[in-house]
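For reference, the structure I am asking about is given below.
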Amino acid sequence: MGILEVKNVGKRFGGLKALSDVNLSVAENSVHAIIGPNGAGKSTLLNCLVGKLIPDTGSVMFDGQSVLGRKPYQINQMGISRVFQTPEIFGDLTVMENMMIPCFAKRDGAFELNPIRAITAQKDIIAHAESVLADMNLLEKRDMHSASMSRGDKRRLEIAMCLAQEPRLLLLDEPTAGMARADTNNTIELLKEIRDKRNITIVIIEHDMHVVFSLAERITVLAQGTPLVEDVPAKIKGHPKVREAYLGESQPA
Amino acid sequence: MLGLDRKDFILLLVVFALVVLAPFLLNPFPTNSAMAQFNAGYPDLMQRFVIFGIFAIGFNLLFGLTGYLSFGHAAFLGVGSYSAVWMFKLLSMSVVPAIIASVIASGIFALLIGYISLRRTGIYFSILTLAFAQMSFNLAYSVLTPITNGETGLQITLADPRILGVTATESGSIPVTNLLGAEMRSTYIMDVGTWAFQFNVGYYVCAAIMLLAFYVSVRIFRSPFGLMLRAIKANKTRLNYTGLNIRPYTLAVFVISGMYAGLAGGLMASMDPLAGAERMQWTASGEVVLMTILGGAGTLIGPVLGAGVIKYFENIFSKINSSVLESWFAFMPENMQHAAVYVSEHFVGPGWHLTLGLLFMLVVTFLPGGLVEGGQRLSRLFRRKPQKDAARDSTQSNPAE
Amino acid sequence: MSNRLTRRGVLRTGAVAGAGLAVPTIFTGSSARAYTNEPTGSSVTLGFNVPQTGPYADEGADELRAFELAVEHLNGGGDGGMMQTFSEKNLKGNGILGKEVKFVTGDTQTKSDAARASAKSMIEKDGAVMISGGSSSGVAVAVQGLCQEAGVIFMAGLTHSNDTTGKDKKANGFRHFFNAYMSAAALAPVLEKMYGADRKAYHLTADYTWGWTQQESIQAATEALGWETVNNVLTPLAQTDFSSYIAPVLNSGADVLVLNHYGGNMVNSLTNAVQFGLRDKQVNGKNFEIVVPLYSELMARGAGENIKGIPGSQNWDWKLENQMGDRYTGTNAFVQSFGEKYGFPPSQAAHTCYAQTLLYADAVERAGSFDPCAVAEALEDFEFDGLGNGPTLYRAADHQCFKDVVVVRGKENPENEFDLVEIVEVTPREQVEYAADHPMFAGGNLGACNSGA
Amino acid sequence: MDAIILQILNGLDKGSAYALIALGLTLIFGTLGVVNFAHGALFMIGAFIAVSVQKLLSLSYVTLDETRTDFLGNPVKVETPYVVEWFGPEVGATIIDWSVPIAILFAIPIMALVGYVMERGLIKHFYKRPHADQILVTFGLAIVLQEIIKHYYGANPIQTPAPDALQGSFDFGVLIGFDPNVIIYPYWRMVYFAFAALLIGSVFAFLQFTTFGMVVRAGMADRETVGLLGINIDKRFTFTFAMAAVVAGLAGVMYAPINSPNYHMGMDFLVLSFVVVVVGGMGSLPGAVAAGFLLGILESFASMNEIKSILPGIDQIIIYLVAIIILLARPRGLLGRKGVMEE
């Protein structure tokens, strides 16, 4: 029984069948990648996991509980964090402020009405945020305006924000999209470190085979809304069905 | 100190000093001088400065922090005023129940309107709040006249019950608003040479409440709650996926902000027990938007500055008439005097709107951060001079908060 | 150091010349004054509070001209205007009680709040001992209440609602202008003469206090003639296009349309009614007619040709003395000095403001003091003449002036933009008088005079 | 039945004015991304172009008539318009009579110029600024424009009549089988409706069938992409703004005979036209037009006695009430798209 169990999920947009009969089981503390050509339904599936979309059929269970019908913030409170394709951070705020928000969300829940307690008095939150920043090599930038950071640092910050919540499942949506090779490699190293150091399950949606094969323990190939194969990376490489699905995309970028 | 860091505490002290010394600071010119026209240190205007300061501080909590632009905030001010006057009519002339009632009533009203309006964001939210406020105004002016006394405004009369107070004084007049017996309108006038400084009980009551309101607003800015509000403005998507529920935050701050407006309305009625429907009109809502942006939205002190500037124009510039101008330019030869009067006439008296319009355009064009940015630039200018050769001063100023 | 906390409005507690800053001993309660803003120097300050921005700005400007003229005359400048024809001869052109008259101005914005703020600044900052002006009843009632509290005299400008001297009357407030009841009482007999006693009236009424009292008054007066009231429709104040209110009128069986509107509302509703061709129609075998109970000459210009032949009432008209004779003496003197100074004849708003200023000044002279209570006493039941309206009474019971009312109608061939109305008749004072406890004015209480002491 | 037809007619007319102002407003929103609080002022300037042209055409020279005296005893001044002098009494009078339609010819270039100057001189600096700043600066501009008009024309309304031939009203009811006087409708209002329909039609045709219009529509759909196309977007923005100004101005010119223009008429329409735009959906041209007519007609219905007697004061709030209901039922207005002006 995996920590994330997706059963028979289907989703239609009007006449278009975006997902049908998707079954997926992600084992705890593993790295699971979902790959597939453009339009295969990867993002739709992800959105079904985080509550942005509600599937028409099937079920999504996280740690034995259904996520369906819950709002994104509720699903996050269950222990699922998400990293976006383009880093979504609080651009107007400093790095430290960015970090504190998930920390508060983790400690105080979805809403806490106490408008006048001081941030500066929240020593545990500050300490925790700083330790995660240190882990991510961002500590020296703690007072920087986050919008003015480089893209790689923004990505790092976003991941740091997710990790600060100590999620049980981290969802990454094409974390290296649009990155230069060097940045991509840095990100791979970062994710490897996270994988190795923390007790965390990672589901990664990726286009870039290099990233996938460096990180994943299991890979699901999605095509036209349905899982084609699921296996360990070594077997996925050179699998005829996968080649078929990627035909014409000899250089998946 | 008081749970604030050093910078904020200094700011609070500065505001405290300004507010306490306002009767001196706003009356820099001797009573009989030609410049006395520019004196603003009389009770009514000083009260207005701090009351509209409270209104703008509250508005800024909503708009400056979350970015939700409410175009109907005057409705809460109006509800606060009406509640306060009704307290004066029914209970007693003490300002305490009036102010409490105004805050509670406007809070409830804000809860209702906020609950519905906050289902939408952006300009759709603005129009919803505008629509509610305009409905309130139109109804208060006409159909609801039994409650609001329509066009003439709700006033206290000699026929009011005032069950905890007196209906009329011994001399047959309407009693006046007071706090524990101290009348809001009592004023000391201190004559110093040719200066006259006025110390008004009502002003100091308002000032004390304004300082408290300001202090609470600083605390909100510096709290996790305030951080969440700024996060709402910065990135709603990220906030959603960070396990935070946006709606209760926005609703909470909307209600707090509405209560600030109601407090301002209650204080207005306490200083001058009359509540007119036009307090709720969209132009009044627009005014607080302009105050906040003019001063600097999202900054702590900006809204108070903006409120002061707009009220100053409204009350001082509008009173400068051609005969005043003639006396100013009396030193000039006659032709020049006429020309000077003719030109300046367009900007004062009946033309004060024009000056205000030009000010809006100039400030927003050249000082995108409002007056606060102007102040920062000035202080940077002064600060840099003495240490020209010193090691490069950090030009990166902290946001004025 | 006697540190007395006064229970008054604005009172000077001390005058210690050259005292150092922030020395508490300056709080000496020695020379407390007898009443609010008692003038101690060689001059006295009056406050003129008129709309300078907003839709009534032109009316406000005309009121301000009249105030300036009155001050000039009081200080001995110009030709003296109505001071020469005034039945009282206390004003000598040496100011008031020998003190030079100075004035301050403010902008009411036609909003009660702004008007009160402006009046307060005149009282608190400029030391005004009397406030006058205003161009709407809401503002007048609000400022009157303020003056009562502060202990200064309020000489109302243009305010026509019954409430100003009815439900909301105040001991410190005085109104020279006529009111809705008087309009209706004056208009009714003339309407009967013009249109007969068998008419069906349709009312469009501005949906706020003034509109209601106006409608109530005119309905009562016309029904007493035998007219039938078909319908009364309330229109929102903010309405600019009245087409949807006017369109159903013709089909209602009514043959008279009464527009209980003022200012911009009046201009628009009248323009719309004429657009719909109401005046070209025949209903019940009679010509369809339109009535505008309260006329404003300044606003009438905005309606232009549409105003031709439409009857209404005015407090005063600048042609009164020429056309109706010596009874209205003062009119020409005022028109002459106003016209010389500004180049055009004054409006009724200007006239009432000028008259109020002179009346105040004269009352102070007679009382021998600026003390509001003394002035009020001098004004109460004061009979005078020569201010352009004929013999006039300031009634003590409600501080309302009683005088003849002018019934006018839009002129067919105006010679210029100041000659838009012609006088139809003058309804004598007796016909427009009413008891002070008339139901339309009931519910108020003058209260006691307040001098701020 | 007759009452309903009557109120639909009235509503169409009010709707025309709302739709014309809202059209320009939403065009500016959609393409330039600017919240233009000075749009009401453009409408007002249009109306005052009608006033000015009327004054210009009746510009007169003055002769003194010694036989009569005015109220001060001076000789009466007799004014004779130059056009009467030049073209003779009849032609001259006709020219003055038709001054409002003639004003249209003046309004197009003047409004285009006003729009050009406004956009180049002020608005373009605010494309990237927050909406709050745009509101403040355009509101300031609206006040300034309004005060300038007040300075020259005063605060009172100024009557600007329609040509004699188009005054009076038409008995519409007789045409469709009702009694006389049941459904009457002024000629000028019919002209206004027709004019509005024509103007709206031309704007749509222009956007639909020209390359320029295509770019503008593309810009409304996705501003950033159009910017990337490398098309000289600046020039097109200026033109769009000028076009919106002309539409508002023409709406104002033709509105002058319906209600005498005054300097604050722009502010009176501003809030309503914003409500119209938002109810229609931000940046949606058909939405603005549909909402304009819808609100106009509902407003007319609400003023009916039958309805007012059930719900007193409903005519005071109907527009706002409808706006609230529509926005709650359809989050982005009638025809709005997701993501426009939601931040």
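Order as written gives the chain letters A, B, C and D; numbering starts at 1 within each chain.
Rule of thumb we're sticking to: a contact is a pair of C-beta atoms (placed from the backbone, for glycine too) under 8 Å apart; a residue touches a chain by one contact, two chains touch by 3 or more.
Source: prediction; values computed, not measured.
In the absence of chain B, grouping the other chains by touching gives A | C, D.
This structure's chain pair with the greatest number of C-beta contacts is B-C.
Every chain gets a centre from its CA atoms, and the centre nearest the mean of all protein CA atoms is that of B. Chain A and chain C have centres, each the mean of its CA atoms, that are 74 Å apart. Averaged C-alpha coordinates put the centre of chain C at 35 Å from the centre of chain D.
Per-chain CA centroids place chain B at a distance of 33 Å from chain C. Chain A and chain B have CA centres that are 46 Å apart. Counting partner chains per residue, chain C shows two or more touched chains at residues 57, 61, 207, 234, 236, 238.
Counting partner chains per residue, chain B shows two or more touched chains at residues 138, 141-143, 353.
Residue positions of chain A with contacts to 2 or more other chains are absent. Under the touch rule stated earlier, the contacting chain pairs are A-B, B-C, B-D, C-D. Those residues of chain C that touch chain D in the complex are listed here as 54-58, 61, 207, 231, 233-236, 238, 240-241, 243-245, 247-248, 250-251, 264, 267-268, 271-272, 275-277, 280-281, 283, 298-299, 301-306, 318-319, 335-336, 339-340, 345, 415-416, 418. Residue ranges of chain A in contact with chain B, taken from their complex: 50, 71-74, 76-77, 81-82, 84, 88-93, 97, 100-102, 104-106, 108-122, 125, 161, 165. Listed in rising order, the residues of chain B touching chain C in the complex are 24, 39, 42-45, 48, 138, 141-143, 145, 149-153, 155, 157-159, 168, 171-174, 176, 182-183, 185-193, 196, 198, 268, 272, 274, 276, 278-279, 314-315, 318-319, 321, 323, 349-350, 352-353.
Residues 3-5, 216, 219-220, 222-228, 230-231, 233-235, 237-246, 248-249, 252, 256 of chain B are the ones touching chain A in the complex.
Remark: chain D residues 35, 122, 125, 129, 131-133, 135-137, 139-144, 146-148, 151, 267, 271, 274-275, 278-279, 282, 312-313, 316-317, 320-321, 323-324, 327-328, 331-333, 341-343 touch chain B in the complex.
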